[in-house]
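Down below are the structures I want you to see.
Shared between the two complexes below is chain A, which has chain B as its partner in the first and chain C in the second.
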Partner chain A sequence: MATTLYLLRRLLQAVVVIFIVTVVVFCLLHSLPGGPARGILGAQATPQQLAQFNREQGLDKPLVVQYVIYLGQLLRGDLGVSYTYNQSVAQLIVQRLPKTLVLTILQAVVALVIAIPLGMWQAARRNRPIDYVITTVSFVAYSAPAFFLGLILIIVFSQTIRLFPSTAPGGDTLASVFAQPQALVLPVVTGAAAMVAVFSRYMRSSTLENLGEDYVRTARAGGASGTGILVRHVFRNSLTSVVAMLGYYVPVLFGGSLVVEQLFNYPGMGLLFWNAAQSSDYPVLLGCVLIISVATVVGTLLADVLQTIIDPRVKAGRA
Partner chain B sequence: MTTTDVSKPILEIQGLGIDFSTESGTVHAVRGVDLHVRPGETLALVGESGSGKSSVALAAMGLLSNNATASGSIVVGDLDIVSADEGALRGVRGSTVSMVFQEPATALDPLTRIGWQIAEVVRNHRPVSKADAFAEAVDLLRRVGIPDPDSRASAFPFQLSGGQRQRVVIAMAIANSPRLLIADEPTTALDVTVQAEILELLRKLAVDTGTGVLLVTHNMGVVADFADRVAVMLRGEIVETGSVEEVLLTPQHEYTQGLLAAVPRLSTEFDSDAGTAAETPAEPVISLTDVTVRFGRGAHTVHALDSVSFDVRAGETVGLVGESGSGKSTAARVALGLIKPTSGAVGLFGQDLRTLRGRARRTLQSGIGVVLQDPVASLDARMSVGEIIAEPLRVHRRGIGGAERARLVAEALEAVRLPASMAWRAPRELSGGQRQRVSLARALVLKPRLLVADEPTSALDVSVQKSVLEVIGELQSHLGFACLFVSHDLAVVQDFCSRVVVMRNGRIEEQGLTGHTLVDPTTDYTRRLLAAVPVPDPIVQRDRRQARLAALAAVTTTESLEQDHA
Partner chain C sequence: MSAVIQNTGIPADVAGATGARLAIRRFLANRIAVVGLVVVILFILFCFVGPFVHPTDQLHTALSSANRAPSGAHPLGTDATGHDELGRLMYGGKVSLLVGLAAGLLATVIGTLWGAVAGYAGGWVDTVMMRVVDAGIAIPALFILLVISAISTPSLSGLILILGLVSWLVPSRLIRAETLSLKNRDYVLTLRAIGGGHGRAITRHVLPNSVSTIVVAATFQVADAILLVAYVSYLGLGVQAPATDWGGMLSAGLTAAYSGRWWLILPPGLAVILVVCAFNAIGDGLRDVFDVKGR
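Our next item is the complex of A and B:
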């Protein structure tokens, strides 16, 4: 009962958040100079042609009216038609989204599987040489831009030792993506590197904080070993704050896919967004932002639900 | 337990020194400590904060922090803790020697069910299956007096009261029948009635199994109640040691004498003069009339206050006492205007707080000063002492200039017996007692007509508590403000307040002159509260304990169990 109410409340919040996101993005897009007419009709287009395009697409109407029209379509499930692809935005997203999801989920899983034990291991060896080495590597991984890291990886593993291909799996279906798993390695590594750095830092500091807690002393006083305390008590307690961060990391992952998909020519949402931004394809841009904000909201919601599973106090409203 | 080696101490500490290496150099926290505990006896290690008593306790478990180094010898059973490696230490921790900690709220893993936490200690030392260890945990919970242990074993710590959590920590400590139990302030965080129950439980366990107990505490009443022998620590050294009667009744060392003199004692003498003091009826400075406060809605409603009425008159000090959850702090917050009552009226300086808004309300509230419990958290660490004290002036006396403000700050500092030069210091450079005086100076800088003090001395050592209370009392006689004094310490209230309001579960149980109500109460609840306060005289305390247990046995104990359960 309480859980249902909680979820309902969260869903309502989510709808409000997504609504606000569409308003902000709509305003931002339309305040950009240029506009889609010039992008689509080219540099040689006459002012008359531009005006005609704007009239056809309703771009000459006041911003508020345009927004109301867009919202009306949205409520009917119509995301509009792309200016450049001659396809409905919904169709484009249905084609592209699964691919990006595959890539980002793989990145997240790989990153967490490495980062969480790494962070704990570092915390247990805090301020020893190996901790400093990993900390330094983390900062390098975190501060290296993804496109730079990706290029290095391509040069080393694709051009020099020819271990992995430099382009991601092509094809329109998920089956074709999974048919070439080796082609996924470099994109996943590129996207996961920064996340490993960030989350191993979170886990390290969260673990350190928990190692200083009274219950650790109680466990030691009961004769528990250092490893036993880490595995049985500190792990779960440290995980709660990391899980909370996970929800907020969803937009970062999507943002990263922009670079990774462009770099490895992987036809997902990132590449779609990139191309749409180049040609001021408003309906596609709005659709992409909408999907990303939905994904972010769903991500934080999932993180919260996960938290109630790990920490019984959340459900009881005590934490 | 074998009876043959009764004479051989279970804990023998010789020439113990503990050094902490800090950024500002090495601190010699403990020097040349010798002590021993024999099976079946309780040694109380007493002293004020910073005396090194907790360091000694942790060193005996081999649990000192990484920046600490111990020298000398600590022999537990046959093992020298100081030179033992981690593996050997792990072997004795939780089996030969175990520990009960001060803060039951944080001593347990919040995400692990209590039964499994106890089972873990069992399995650390004996090759028992998980199911058997859990069954043992249920038995242990029964032994430490947790009601319905079969289902409670699956509870998480947050579902238990403070007293119950401490019982769980004790269950973990006795899981492998240790020969030495170290208890570091085991009842400091608990209410007096729960404290009495926990001490009774520890005493029973120690007597039943012949366990030696090292009790670390600052509370002389607890010492009188529980200890056979006492060692007094001062700045890292033991200055006096002897039987509990010797040390508490005829202390030899100057420091012990001073310490005992500073302990507020519960008087049992009916004060027939008390009536005259209140015969000059001044105007009520603040009055609560039928105040009810509810938090939450529906099934989760908490009745924090239920038809509470009392007033505080100019120049008098009213004590607000009760156990945790009784609503005493909520009542103080209502008086401060921080919580809006669900119903009922709050009159402040003759005006109705409900009808005032905005500036008028703020002006009225500038007549209230407040001192809170935590000396660390209640001062902004980023401000200097001078800025902290000047802040109320900046808010409520915008007209005055910088020079005038500095003068008022210096005056306020002087009033609380701090040097004016302290204005330039940061709060972190000050001791707990100095910080509370800064809080007091901030509260008094606007010359308030009402001072609300919420447990202002409960985080302080007794000698410091004494001087802070003296300062408040002295200023009150000069400035004539009314004081609402929230405290759980009945002895302090008896000593410091003219009237007392006893609260329980959001209701007022009784109120009256302290000389009457706290000596000859009219309700069983107040009587039980008073009976549970241990007095720092071992002979008197032995009689009080007997009387209390007899009274408890007479009436059914269900009520106190319910209390603990809640």
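Our next item is the complex of A and C:
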């Protein structure tokens, strides 16, 4: 019962947040040079065309009324028409979003599979040379701009030793992304590097904290081995906080997709957005901002739901 | 800090001296943090004093001496417009460091005020203010920055303002949590009971007692901002030529890097990494000194 209430409250929060996001995007739409009419009709439109468009679209009405109209369009799935692709923005996003989701999920899975054992291992070897070495590498991975890291990876692995291609798989369908799995290696590594750094650091300190708890001493007194305690007790206890952290990390992953997709020419939302910025395709830009933000809110919400499933303390409302 | 000291009844100068000495000793014991501090000082010297030791012309193009490999006269070679790359590293570093520092501090100030007011007010004011923060976090900063770059090209101060406005959200959450734990302390309640206003409670008690959280948040914020400045130049929103920064040097050197001219991208790339690492290390050290949770 408490769980249902908590989830309902969390869902309501997410709806409120999405509502605020639509207000922000609406404000951006109205801060475009020449207003939304100029943004939608393009730079070549004449003043007469602009005035006619404003009348037809209700853009001469008060802002609040316009916002209600805008919300209505959103609810019908109408995000406008791209003037470089001559396609509806919704259609473009439906094609591209799954590819970005595949890439970010791959990055997250690879990062966690590396970071969780790495952090625990560091905690077990704390303050020894190897711990310092990994900590230093983590700092560097976190501090390197993704485009610089990706560039170095391309020069080393694609140009010098020709192991992986520097361009991600193209094609319109989702299946084409997997047609050439080796082409996914560099984009996934570039996007995952900083995340490995963040989560291994987090896992290291979380493990250290848990190792000081009473239950570890009890288990040790009961004769459990060091590795057994790490895997059976500490891992399970740290996992909940890692999942919570994952919720905070979703925006970073989506933000990073912009740079990774542009660098490797991966045909997802990030590349769509990048190209739209180069051609000032405002309907696409604002549609992408809106959808990527909604995706972020949903991703964060899913992480929270997952946390309530695996952590009984959250269910009881004590954490 | 003064509020704590007043309430303990220990003379401020005595408590301050031992506290400060203890804090410095704890910071110096963290070797990584000390290395970070040294790296930051070296980079400040490099960027601001370096041009007097190695004077170069960074304003005029000199196509006759463009695209040179490293040599005695140009230790890091020259770029496509003939600028000496070592001198450019200093020149661009000034912009990266100044914009990063200013934007990081601005973000901390906005976040601190927002978080303190939200946490102190509580109730629906808090709820509304924190949902705004959630919404801000949901919109990836790089996406907003690219939309802005499509609309206009800001001036240097405009750039600092934009960077500050997209990155105050995390500190606001930290300061809000701190305020929640401080607002019901006796000294705040006492101030309220003797007729002190809410503003006074925030500026006299809540903020001074959050100073350690704020300082740690600011250090990490500066690290993030320097990284963000590099991204922003890569996205085409950075300072305009002939001015540049490390991110601008990186994106200008991209094509050259593919043809093996490493000296155009490795130095600015490593400079960004080193400085951001250094600020993060200092932040880690300060967090240990102040024993602050979060991040």
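We take it that the second predicted complex is superposed on the first by the 267 of 319 C-alpha atoms of A that agree within 3 Å, B and C clash if a C-alpha of one lies under 4 Å from a C-alpha of the other, contacts with A are read in each partner's own complex, and residues count from 1 in each chain.
Everything that follows uses one rule, which is that contacts are C-beta pairs under 8 Å (C-beta built on N, C-alpha and C of every residue); 3 or more make two chains touch, one makes a residue touch a chain.
Source: prediction; values computed, not measured.
By the touch criterion defined above, A:M120 reaches neither chain B nor chain C. Here chain B and chain C are compared by how many residues of chain A each touches, and C touches more.
Looking at the shared chain after the overlay, A:V196 reaches neither chain B nor chain C. Judged by the touch definition given at the top, the superposed model places A:D311 against chain B, while chain C stays out of reach. Using the contact criterion defined above for the overlaid structures, shared-chain residue A:L92 touches neither chain B nor chain C, since it reaches no partner. Of the two partner chains, chain B is the only one that A:D214 touches; chain C does not reach it. After overlaying the two complexes on the shared chain, residue contacts for A:A111 are found with neither chain B nor chain C.
Residue contacts after overlaying the shared chain place A:N237 against chain B, while chain C stays out of touching range. Of the two partner chains placed around the shared chain by superposition, neither chain B nor chain C is touched by A:V284.
After overlaying the two complexes on the shared chain, residue contacts for A:V188 are found with neither chain B nor chain C.
For chain C in complex with chain A, the residues that touch the partner chain are 32, 131-132, 134-144, 146-147, 149-152, 223, 227, 230-231, 234-235, 247, 250-251, 254, 257-258, 265, 269, 272-274, 276-277, 280-281. Interface residues of chain B, counted against chain A in their complex, comprise 61, 63, 86, 90-95, 98-99, 101, 103, 106-112, 117, 120-121, 124-125, 156, 158-159, 169, 172-173, 175.
Interface residues of chain A, counted against chain C in their complex, comprise 13, 16-18, 20-21, 24, 28, 31-33, 135, 139-140, 142-145, 147-148, 151-152, 154-155, 159, 251-252, 254-256, 258-259, 273-274, 276-277, 280, 282, 285-286, 288-289, 292-294, 296-297, 300. Across the complex, chain A meets chain B through its residues 213-215, 217-226, 228, 232-233, 236-237, 240, 310-313, 316, 318-319.
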